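Working notes, structure below.
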Amino acid sequence: MSDVKLDFGRPDRIGLEEAIFCQGKTVQHLATILSLATKERRSFLLTRLSADQYAGLQPEWGAALDYDTLSRTAVFGKTVALTGPARVALVAAGTSDAHVLREAERALAYAGEATTCILDVGVAGLWRLQERLEEIRRHPVVIAVAGMDAAMPTVLGGLLGNVLIGVPTSTGYGVATGGQAALHAMLSSCAPGVPVMNIDNGYGAACAALRVLRALDTAAKAVRHGGG
Amino acid sequence: MSDVKLDFGRPDRIGLEEAIFCQGKTVQHLATILSLATKERRSFLLTRLSADQYAGLQPEWGAALDYDTLSRTAVFGKTVALTGPARVALVAAGTSDAHVLREAERALAYAGEATTCILDVGVAGLWRLQERLEEIRRHPVVIAVAGMDAAMPTVLGGLLGNVLIGVPTSTGYGVATGGQAALHAMLSSCAPGVPVMNIDNGYGAACAALRVLRALDTAAKAVRHGGG
Amino acid sequence: MSDVKLDFGRPDRIGLEEAIFCQGKTVQHLATILSLATKERRSFLLTRLSADQYAGLQPEWGAALDYDTLSRTAVFGKTVALTGPARVALVAAGTSDAHVLREAERALAYAGEATTCILDVGVAGLWRLQERLEEIRRHPVVIAVAGMDAAMPTVLGGLLGNVLIGVPTSTGYGVATGGQAALHAMLSSCAPGVPVMNIDNGYGAACAALRVLRALDTAAKAVRHGGG
Amino acid sequence: MSDVKLDFGRPDRIGLEEAIFCQGKTVQHLATILSLATKERRSFLLTRLSADQYAGLQPEWGAALDYDTLSRTAVFGKTVALTGPARVALVAAGTSDAHVLREAERALAYAGEATTCILDVGVAGLWRLQERLEEIRRHPVVIAVAGMDAAMPTVLGGLLGNVLIGVPTSTGYGVATGGQAALHAMLSSCAPGVPVMNIDNGYGAACAALRVLRALDTAAKAVRHGGG
Amino acid sequence: MSDVKLDFGRPDRIGLEEAIFCQGKTVQHLATILSLATKERRSFLLTRLSADQYAGLQPEWGAALDYDTLSRTAVFGKTVALTGPARVALVAAGTSDAHVLREAERALAYAGEATTCILDVGVAGLWRLQERLEEIRRHPVVIAVAGMDAAMPTVLGGLLGNVLIGVPTSTGYGVATGGQAALHAMLSSCAPGVPVMNIDNGYGAACAALRVLRALDTAAKAVRHGGG
Amino acid sequence: MSDVKLDFGRPDRIGLEEAIFCQGKTVQHLATILSLATKERRSFLLTRLSADQYAGLQPEWGAALDYDTLSRTAVFGKTVALTGPARVALVAAGTSDAHVLREAERALAYAGEATTCILDVGVAGLWRLQERLEEIRRHPVVIAVAGMDAAMPTVLGGLLGNVLIGVPTSTGYGVATGGQAALHAMLSSCAPGVPVMNIDNGYGAACAALRVLRALDTAAKAVRHGGG
Amino acid sequence: MSDVKLDFGRPDRIGLEEAIFCQGKTVQHLATILSLATKERRSFLLTRLSADQYAGLQPEWGAALDYDTLSRTAVFGKTVALTGPARVALVAAGTSDAHVLREAERALAYAGEATTCILDVGVAGLWRLQERLEEIRRHPVVIAVAGMDAAMPTVLGGLLGNVLIGVPTSTGYGVATGGQAALHAMLSSCAPGVPVMNIDNGYGAACAALRVLRALDTAAKAVRHGGG
Amino acid sequence: MSDVKLDFGRPDRIGLEEAIFCQGKTVQHLATILSLATKERRSFLLTRLSADQYAGLQPEWGAALDYDTLSRTAVFGKTVALTGPARVALVAAGTSDAHVLREAERALAYAGEATTCILDVGVAGLWRLQERLEEIRRHPVVIAVAGMDAAMPTVLGGLLGNVLIGVPTSTGYGVATGGQAALHAMLSSCAPGVPVMNIDNGYGAACAALRVLRALDTAAKAVRHGGG
């Protein structure tokens, strides 16, 4: 079972790098992957890297990993300088959703994209969202992160025409435990055109945003080169 | 199995009349109940009386039943004149929720309470709710009816300090089918102090409102008679 | 992600203070919030503050926090003297539900409301509830807390006309694990007009009770000032 | 696929006759079974025989079938005279549960056992159950039938030491749709020793009662013949 | 919240003593209950007493508690000598179900009833059940304990006419996690008349058996005193 | 949307022909497909062809379709003569499962494979299965079809070493409604090595059997040509 | 309840027109809405307009409604000429998913956007998708529609870097009934950055696509006016 | 409860040895079983033997157990030399599924069967599967292991005619938590004839493969001895 196989061709194929999903992998699996990446001179984003897994890797690989506890992500082998204005707004209903927002922020930063992060704009205190609305509107892509009843993306989707991606979180208890209530609320949103990621999938939302940003770049380029 | 037993003592006991829940009862069961009520000179509200059940009862009992198709309710043996200002606001997110709102309206009217009904104030078009906010605020009790993602009660609960009761509806499709998404969203609401009824239970919400109105009457009476 | 945003305007808006829901927040998040509250001279109720989180806060903030282990709540920056008779009865089916009852008790006390707490009146031993019935009846608002099959609120709702709010608890095992059986039983109650909170949501039930008490105060005041 | 195989040996083996569960069988399947029974001079109880299936059988087999619409059962080839006192009390919370109660009644009658049927003793009107309690107590076996929140068996189980069997029904709507809420409430009952049948399974409850009655007969016989 | 209220009248009322369900209770709650019982000279069975709870009680109450690790039960204040032949057979499909079987065994022993315990008779190795069939048949009441697909009670119910009570267990993984698959299989059993307890509810099965044994005793007594 | 695209290459690729899954297709869709097949001189098995869809096709295509009501399958454009002994035994627990068994029988016949069909061998009457055991054993592949508690495949899997494929059916009510109880029971079977198809998927089971038969043919051929 | 309130301001606010979701509305509700739209000289897309609802509207409004049976949509008051190349590819795994694809096609056409529709590219016959891959790649936005196991979007997402939106459909039976299996598979996709709509929500996918197209237009315009 | 009963006759009956399923068994249970096996000179495979259980057994039995941490399996009392070519390919979508693949590998090795193990061929990077396709095809039986959306078996089943067995894994989060999404996707696969095991049931898949291999051996033997 030594044949770990990484998808190094993914960036060329779809413009997105493979990230290492660490849940369910042993420390030995992860070490094998990092060795392979080192050999191939590749960098990686690691997601869902638990504190325990990180501790297991640290003696050998700690120096090469930029680990973030809140989002349980690590960057391996790459330093990215963010330039240009933020094109993605990351908006979370509560502080308890911050780990998901951070995962998206880190994944976008890894891909070179700056972001604007806005916490605590849940609609039970509507003025907080209204106060930041114009700032949010300036970003072509908005990622709306919310747990519990996840009412915020519906309000946002009715106020903004931006590209909007919903990420339900597992924040909550009782019927909200695990995030199913938030997921179902987002999927049933009365606001039109708000697609949704899996629960707590900040990384996936970042990738969805990157697909849109790539399309925007392509569109702009086409005009510049004589299209449109 | 002829011993149908009605709870005629309920009004004296708790100030609320028993309603006849018709789902699952045969037309013969219902006719027996109406005969019994006639003999005892009682009136009744019938809920969940399907068009088919009503058609079966009509030859004999049609004249005595004030039937409403939308809410599937019928009033038997009573005419109530509503006086005084509405103390309950019935607020629905969409027109598709109207049948539940109507059931609550009919149950409150049966108990002598006028209501204010407001449709189509879902928060995907936030201005509609904001436009009616001051009108809603004037009612001590507000019943918020919503299906799909049921985001409206959260926004309302964050803007008003009134007594607020949520009623999820079965409006929706996919993950919202049957109203579970709306129920779970309401139960997980970030707005504080919004208790929730079973899906589509407009009648129950009316009864909950009546309990509050009775308490208000008692409080006012206590003051008038030298209390407070 | 430093912009934690508290809803300080909530009391003026709806008469209820924001509580800090601590689940999912890091100790650092919580410390930031407490600093902010200190700066703004605000007090807070903290809910779902785990023993671990409390231990993390203790070195710096322990003296300022009145922590209760059973309910996992803490009061920050406020001492309230309760005066006047209890207007809310807190009634629990079993001792295993005590933590939820206590959360409601603490939230009401924080808002200045005295309560009467009654444990162990599950209806498998019906006499226990019957023995306390008249005492319960004297409170305008009753919060009924029960896990497992949650049969007690149905019996209570058939015997009392008071405002009644149900809180299902996660007490139980097998099909009752997590409180879904209790929640569904309460929502399906044959007793009329008993709205329900999310599982274990004692805080929410307290807020719902406060909404009713505020309405009672307003009604009484209106009479005193020439209404009614 | 002509080899329908009936379990004619069941009565000798376990003292209970096989019943024909008609759901999902074609009219042709049923006709084959009735022919076979005729040839073997056997009688049968048919359960879940829909009105449509019965209509399909009627031309050829109608005269031989004693069909009951409410319970969707038919007796084939047998007339039983019931003698002796009722040893099983069938108790239902509401009239909407009558079809399940009737199925149990019919199955017990088919086996020669008289029953006492009591409707409408749901505990939201507690006095109705209390009024009949002593009558119920006289039966060694009690079958408690209830839908929605199914609180009645818990109250009954706390008041009586009789053998008690719960049958949840599909009566209800919203979270009670299909009977899961009633089933889960019964399984989670705080009253000790109340086993439960599948939703709407009146026939199964009758068989469980028959197993107990057979044991009672055996115990009595043992004493008479010098045991105990 | 000091008013813990025990149901000391239960034995007189229904012939079954209250057991203390320890899950969700603090050690302090349990100590209060044991003090109360001591004062009233009562004995108790404690169920779901975790190792941690027991450790907390041990310094003060250890000597008075007969604790069993496998079933997490303790007997307080009573020693029962079992006499007479076993009237209940406890039959489990696998060794992994032994903790549930033991809970039933302990609860029956507490009530003075001897039992026959048979492990490892799952029907994937059918001969094991067949080998013990005649032995099982000699007991008027059989409790069948099984997890995973819970096929054994169906086979047993088709071979024996005894009173049969099913107890699904949480043994299993994947779709069997938590015991829902076993519960649903038992409730859907093709064998007639096998009522079912909540998942892992060995105590409840024991109580259900006791209800039957009491009825058998009453029937025998009636004959002895001139009945039958 | 005229570009219906059939997978004509499937037989060459994997040795199995595509079947037309008719559920959710309009009559016009189906007619287009049949025209295409006619043009390409292809034959097809149609599955889940409802009586209504068949009626819609009949005027134009009725003569070309060999329709079977019970299994809702039709054969288009092919007559197969079955030769050789049956290599697959189709075994169903009850007559209510016959439609699923028939779907598998028809799909295997379409592929040229004879089958042995055995109904009514549910293990609540164990002797029926035991009576046919040696006959079943003679088939290299056994498809076990069962609804409700689906206990039969477990017993069979413990008695036979044959290739065994389970098919749960939607037969049943209450918790068995829709076949989830049967599916979960089969997946949790204590008998080793019994893989399972989707609920009511007789066609899929036939295909799984065909994959095994092809492997058997290949193995035999290999020996004949000098292998093994 | 006459105050139906439409969100006529939505296009100005977010660039998307409100569509009338017809499920749960009475014919009278719909007629009121159409009258209102006529008065305000507005056009509308109606979604989930059942054949029965359409038949009820036809006498008065039939001429004004362009109804499509497959997608259950109608256009009211508008004719749009599509110009320019298709910028959205609509890709469905099977013909049974065609109604959802058509709903998206109609909603995009209503907004003036041409589309390319590709049916029957499910990955059980991989070559069909591979054959169309380059054609699909030419569209900046791809909507992938699939039921049952919904494996196609994962394969597509791994081959293309385009903006990709998944729509699960309710096509399927057994565990796929209602589309939950497809929804969960899409949400759990291993392909990065594929957000998902509610089951069967073709309209929502169209709106999500429109949000992206608007962003592309804005980006292109910015370049043309001196940006980038 | 000392009568642990092992199914030593299983190999003779069905050609498969009983494995000891360790979950839910105490260390004492396991020690009893190992003693019994020693006495009877039997060997065993132990599955789901947790690290804690293994640690408990180690002092006495460690030397006799060949324990594998990843798969949580141990071989007791047997050393098998694998000869001949691998007839089963074990194919996993990701490294996180390796523990399930290993369990199957160990179970097959215990039965003397060599296997080919292939990791990381998830179809989000389709080329990885395509690269290994011909190698996979050479094995008569293929076990496809996948979590999350489990799309790989569908693609594989459309490309290969081999005997194919699906094993969903619990790898994933959000809606994939616990493996239900993978299970449902596999059961709903559009590829024909792919039966499925319970979640994470690598052992069961190995047994299913062994049933096929035994049938192949029998078929080959039959030819050699003059059949076919």
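In order of appearance the chains are A, B, C, D, E, F, G and H, and numbering begins at 1 in each one.
The rule is simple: a contact is a pair of C-beta atoms (placed from the backbone, for glycine too) under 8 Å apart; a residue touches a chain by one contact, two chains touch by 3 or more.
All values derive from a computational prediction rather than experimental measurement.
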Shortest path length from chain C to chain E (each step joins two touching chains): 1
Other chains in touch with both chain B and chain G: A
Most distant chain from chain A by Cα centroid: D
Most distant chain from chain C by Cα centroid: F
Euclidean distance of C-alpha centroids - chain A vs chain E, Å: 50
Intercentroid distance (Cα basis), chain H paired with chain B, Å: 57
Distance from the mean Cα position of chain H to that of chain E, given in whole angstrom: 36
Whole-Å gap between the CA centroids of chain A and chain G: 26
For chain D, residues contacting two or more additional chains: 10, 18, 94, 124-125, 157-159, 172, 174-176, 180, 183, 187-188, 192, 198-199, 201
Full enumeration of touching chain pairs: A-B, A-C, A-G, A-H, B-C, B-D, B-G, C-D, C-E, D-E, D-F, E-F, E-H, F-G, F-H, G-H
Complex contact set, residues of chain G against chain B: 1, 3-7, 9-10, 18, 21, 23-26, 29, 33, 48, 170, 178-180, 183, 198-201
Of all residues in chain C, those that touch chain B in their complex: 10, 13-16, 19, 140-141, 157-166, 183, 187-188, 192-199, 201, 203-212, 214-216, 218-220, 222-224, 227-228
Chain D partner contacts - residues on chain F that touch it in the complex: 70, 94-99, 101-102, 105, 117-121, 124-125, 127-128, 147, 171-177
Contacting residues of chain G [partner chain H, same complex]: 93-94, 122-126, 148-151, 154-155, 157-159, 172, 174-176, 180-192
